[in-house]
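Note that subunit A is present in both complexes that follow, paired respectively with subunit B and with subunit C.
Let's turn to the complex of A and B:
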C-alpha cells in the first residue's frame, strides 16, 4: 500500500468535526453560468470526433460490400473477425495506456514472447499453455508500469526497453525456431469455435466489452481519464496515480501475451518473430478510434472501430489481389494521416 | 462583520497550528521559525509580498513540504502529512490559484473523482449527477453538471473546485489566491460560500493580495515577510495602510519624514512609448502609459496588481484583448515580441534564469545572441565585430569576469543581470522595460545597476522600471504610475514622488496619510 495511507491512520481524532445541519439552499443560485454549454459547433465537433471511426467503418464496409461481392460472404467476414480479434485484445490495453497519457511500445514483442511461452507451457497441458504467457506478460507490464508510475520514467523509453527485452527473450527461449504447441487441446483453443467464429473472436469481444465497462463505469476507469487529462490535478485530488498507471501497463502486458498465445494455438506453434511492428498498428487503431494521443479522452467502441477499419482495408487490398502487402501499408498510412488531420481539426474546433 | 463574532466566541480551539516551522533550501531559508494558528471556524488571511514565504507555509500545511524544524499540529496533536492526498483525507482541502481539476471531465465527475457513488459495483452516474447538483445548489451555483469543465468560465471552474473541497467534509479549506481569475460577481458568490463554511465551523486560510477582499471577509491576519511572521492579529485592528506597511517592512511614520529626492520634470517632448487602453481580462483593464525619451517611469503596485503583466502585454508576450502600443508614433503589431524588439522595445524579464540568460553559454555568446542578425553578412557572423561589441559592453557596464569566454552561470546575480542588459543594449533600443532588475543581487551590484539606469536615461533612452522595493522605485523614477487590481490607480510626479505618497497610493486613496501614519 502507499505510504500516504499510514499518515491518515496515525492521525489524531482532532477537534470534533463540526457537523451542523447543512446550510439551507439559497433561494436563487447567484451564479448562472452563461458559458455552461459548449456551442453547437463545438458539440458537433465533439460528437464527430467520438464517432468518426464508427461512421467511417460503416461507410467503408458498405462500399466494400457493393464493390466486392465476396466481401460480405460468411467465410470472408469470419476471416476478418479472427484476423483482427488478436489486434483488438492488444488495442484494449493500449487504449487504457494512451488514455492515461502514456504509450506502450512493448506489446508486439510481448505478443511474440506470449506465443513462445504458450509453446513452452503446452508440455504441461492447455491450462499452463495459457496461464504461463498471461502471467509473464502481466509481470513484464507491471514492472514497466512500476518504473513509469513510481520512478516517473518516460513511458516511451521504458517500453522501448521492454520491446527489446521481450523480443530477445522470445528468440532466446525458442532458439529462434517456431515453438510447437503440444497436445490437441491446446491447439483447439485457437483453431475451433462455434457459429462459424473462432474462440479468440469471442474472447476478444468479451475483453472489449469488459474494457468498456471498466473505462466508463468504474473508479479505476475514471482515474485513467483524470490522469491523462491532468496528472498534477489527479495527484492533488488524492488519486494514487502510480497505482493506476501500473495496472494499465500490467493489463496491456497480460492481454498482449494472451493474444500471442492464442495466435500460437491457432498456428500450432509460437513464432518468436511474430507481430513485429504490431505496437504501431495498435497505436494507430486506438488513435483512429478517437482516443487523444495526449490522453484524457477516448472510448473502447472507437478502438474496436479503429481495429476493424484497419482490418477491412487490409482485407480489401487482399481482395483486389494484384496489390502487394506494401500497398496495404501505404494505404493504412495515408488513412491514419487523414484521420489524425481530421481529429486535429475537430480537436481545435472543440478548443481542447 | 457581525457573523464573525458569534462563532469566535463559541469555538476557540485551534484546529491547525504550525509551531516554529523552518524550511530550508540550498542557500535559502524559505521559512524561519514561522508560527501560525488557525482556530476552528476562523477566516484567516495570509499575506505577504513575493518571496515572503506564503507558498512555503501552505506547502507545509498540506504535506507538500516536511518542515526541517518545528511541527504541524492538527486538532492539538503533532501530525505529519506525507502528501496532499493524506492532508485531504484528514480534512484539509486546498484550492489553488490555477484551477486544479481535469478540464476534459464533467463537472460532476470532477467533484466526485475518486469517491464516485456506486450501485452494484459500478458507478451510478444518475446518483452522482444528482448529488453534484445538490452540492452546487446549496452554495448558490446552478449549472449543468454534465458539461465538461473546460466549457465553463474560470470563475465557475473555481466554484467547482470549492464545491469539491467542501463535499470532502473538510475541516480546513486553504484558498490560495482564489479570486485572481474571478469577476466581481463571482467573487461575491465565493464570499457567500466562505461565509457558509464559516457558519458550519470550517476554518478557511485565505491568501490574497487584494486588500479590499481581505478586509471584507477575514477575521484574523498573519503577515509574512522574508520567511518570518511579522504580524498576527485581528483584521479589524489594522488599516489598509498599516497592513501594506507591514507587508513591505516600511515604517509609515518614518516614510512620512523622509524627503523625496529631486525628480526632473520632463518637458513636453512627444513620448517614445505610447500605450493606450491595454485590456487583458481579467488581469489588465485599460492601461495607458506614456514614456518620453530620457524619462524613467516607475510602475508601482503590490504583488498581483499587474506590473509584470503590463510589461508582458506591452511587449506582446501575452495576448491582449484590446489596446495599442506605439513606438515613436508608429503602432506595432499586436502579439509579436519580435515586432516589438524590431521597433526598439526591449524587456528585461523578472525571471532572468528561465526567460533570459543561457547559463551554459559564455558571456560573449549570451550578449551577441540578440544582435546576431546585425553582426552577420549573408548569414556569416563577423567574429571581429562581435568581439569588439562584447568588449565595449563589458567595459561600459563594468561586467566583472575572467574574460568574455567565461560561462554565465559562474557569474554573480548582478553580473548576470548586466550581461542581459548588454544583450539588449546592443540592439540600440529606444525603450527599455526593466522588471525587478535588482532582485536577488547584492547591495553593491544593486547600486551599480541603479546608476546604470540613470546613465541610460541621460543618454535619451525611455525606461520603465518595475520594482517591489519602494525606495528603488521612488529614487529611480521621474514619475510613478501606480497599478491596483490591473487598473491605473494613481500617478505620482515631480515632488510628490515620495515613499509615503507611494505607500498611500498602494493602499488606496481612501486612507488619509495622517491617520495612516498615526497607526503605523
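Let's turn to the complex of A and C:
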C-alpha cells in the first residue's frame, strides 16, 4: 500500500459530515475496537467483503442465462434448488459454528447417519422417521459442543472424531447397505412438493430465514458474534460461552441429520456412504459467502449466496457436458482459494 | 527420542503427566499383547511385515504433518498430493524410473510451495488454504490421469512396491524408516527444527527475535507435501497401478490422528517424532485387529474416534482462570 493511501485513511476526505448517532448494536455485528471513524476505502472494502458473494452470484447467474438458454428454464432452476437445499441446511449450522470461531467436520457423516436412521425409524411411521435422525443428530452435536465448550478441546479434532464415529455408526447400523424408507408417507416428504418445488426446498428456505433472524435479531446470535470476535472478552462480559457453543454445534448436528433424512426420503433409501466430503462443500460455501473463518463476522444471506454459487457452477459444468465431476472439484477448490485470498486482502484493508 | 520443546508446560499431577507422555506406547503395547494373545497367526514374520508395509503411507504423511502441526498449522491436502503424485508418475516413466520419481517429488514440492505461500505470505489460515488444495488437488490429479486407472509396468517402480531385501524386509519399509531417521534428525539437530518449534510455540515472539518465520512455514509445508508425494509413489508402486480416485483418500485424518495420539499437541510448539511413529503403528494395529478377527471395520472406525477423543482430552491444556 502506498503512502498516500495511508494519509487518505487518517484524514477523512471531503467536507466533514455530521457524525451519525451511535448505531444500535443489532445492526453492527462486527465487534470493532477502533475509535477512528473508518475511511472511505476501508468502508468500501468492508462492504465488498460482505457482499462480494451476492454480487458474484448475480453476475454468474446473468452470464449463465445468456450463455445457456436452458439455464433459466423452470425445470433446471427447480433442479438447482433441490440439489442445493440440503447443502443449505447444513451450511446454516456451519455458519453459526464458524461465526463462533469453530469448525464442524462431522456434518457429512452425521448427514449419512441421519439418512440411515430415517430408514430405521420409518418402520414406525413418518414422524419417527424424521424425529429419530433429528434427535440423534442433536445429541451428537450437543456432545461435541460440550467437549468443545466445556472441556475446551479443539473443535477441529473433536469433530474429526465425530466424523469417524458417525460414519462408523451409519455403516454399522445399516450393515453397509442402503436402508430403504418404508411407507409412502415418509417418502412423500422428499419426493413431492408444490409449485414445482420439492418440500425440502421450502424447509431449507424456512431454516435459512430463521437462521438469519436468530443471527441478527436475538441475544443468542449476538453472543455468537461476540464469542467469535474475542472469546475472552465475551467471557468477561458475562456470556455463558460454553452454552452458546453447545447450542451452535447441536443445531448443526440436528440440521445435518435432518438434511440426510430428507435426502433418504427423496431417494427412497438412506445411503451410509452418502455425503462424503460434504463438510468441505459446506465450509467452502460459508467462507465464499463472506463469513470469516477466524470467527466474529458473517451473514446468513452470504452463506445462501455461497451455496447457490457453488451449485450454479456445478450446474453449468454439467451443462457443458463432457467435463467430468473432477473438473468441478478443481473449479470449486480454485474458487475457494481465490475468494479466501481476496477476503484476506479486503479484511487487511479494513484493519491495518 | 525426538522430543523437542521450547516451553516447559505447566505441571499437573504426576499420573496424568506420565500418561500424556507415555500413553501412546502403553496403548501400543496393550494392543500388541492383545493381538499376540487373541489373534491367530499374528505372531508370524509374514503378518508383522505386512503390518509394517501397510503403515508406510500413513507414517510418511504423519511425519510431514508432525512438522506442520508443530508450527501450529495443519495440512489437509496430503491425500490429494498423494493422488497428484499417482497421476504424475506414469506421465514421466518414459524418461526412466528415477527421473519420473524426481519429477513427481518436485511436483509435490510445488503443491507444498502453494500451501506454504498461502499460509506464510498471504496469511490464510492453514485449514482453509490446504482445504482448497484438498478439494481441487484430487480433481486435478484426475484431470492429469484422464480419470482412469493406469497400470504401471516399469520394473523399477514395481520393485519399489514388492522387492524385499534378504527376502524379508520390504524396500518401502526401509524408505519409511530412513524418512523417520531423517525427520527425527531434522527436528532435533538442525536450526530448522528449532525454528519449527519456536514458530509453533509463539509466532510473534519468533518474529520479534528475528527468526525466519515465513521461510520456516514454507519449509514445513513443502516437506509435508514432498513426503506425501513419496507416500503416493510408494502406494502406487505397491498397487502396480496409478489409482488417482482412491489413493490417499481420508489419509489426512489417519495422519493427524497418529500425530496427535503420539503426543504432538495441535497447539504447536512441540514435535514428537517417535510418538508419531507409535501413533501410526497403533492406528494400523487397531485396524488390523478388527480385520484379522473378522470384526466389521466400521467398529474400528468408531473405536478410533473414541481413542482420538480420549487422547486429546488427556492432552488438553490445563483449564485457566
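Convention: the second predicted complex is superposed on the first by the 315 of 352 C-alpha atoms of A that agree within 3 Å, B and C clash if a C-alpha of one lies under 4 Å from a C-alpha of the other, contacts with A are read in each partner's own complex, and residues count from 1 in each chain.
We take it that contacts are C-beta pairs under 8 Å (C-beta built on N, C-alpha and C of every residue); 3 or more make two chains touch, one makes a residue touch a chain.
All figures in this text were calculated on a predicted structure; none of them were measured in a lab.
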| Is A:237 contacted by the first partner subunit B, the second partner subunit C, both or neither? | first
| query | Counting only touches as set out at the top, which of subunit B and subunit C does A:218 meet: first, second, both, neither? | reply | first
| query | So which one touches more of the residues on subunit A, subunit B or subunit C? | reply | B
| First (subunit B), second (subunit C), both or neither: which does A:164 touch? | second
| said: By the touch definition at the top of the document, which applies to A:296: first (subunit B), second (subunit C), both, or neither? | reply: first
| Which of the residues in subunit B end up touching subunit A in this complex? | 11, 13, 15, 40-41, 63, 74-77, 79-86, 88-91, 94, 96, 100-105, 109, 113-116, 118, 122-123, 136-144, 147-148, 150-153, 155-156, 159, 164, 169, 171, 185-186, 188-189, 192, 196, 199-202
| For subunit A, which residues are in contact with subunit B within the complex? | 3-8, 10-15, 17-20, 22-23, 25-26, 28-38, 42, 213, 216-219, 222-223, 225-226, 229-230, 232-240, 296-297, 351-352
| message | Using the touch definition from the top, list the residues of subunit C that touch subunit A in their complex. | response | 74, 118, 122-125, 127-129, 131-140, 142-143, 147, 253, 256-257, 260, 266-267, 296-302, 304-306, 308-309, 312-313, 316-317, 319
| said: Going by the contact rule set out above, which residues of subunit A touch subunit C in the complex? | reply: 103, 147, 151-154, 156-158, 160-165, 167-169, 171-172, 176, 277, 280, 283-284, 287, 293-294, 324, 326-334, 336-337, 340-341, 344, 348
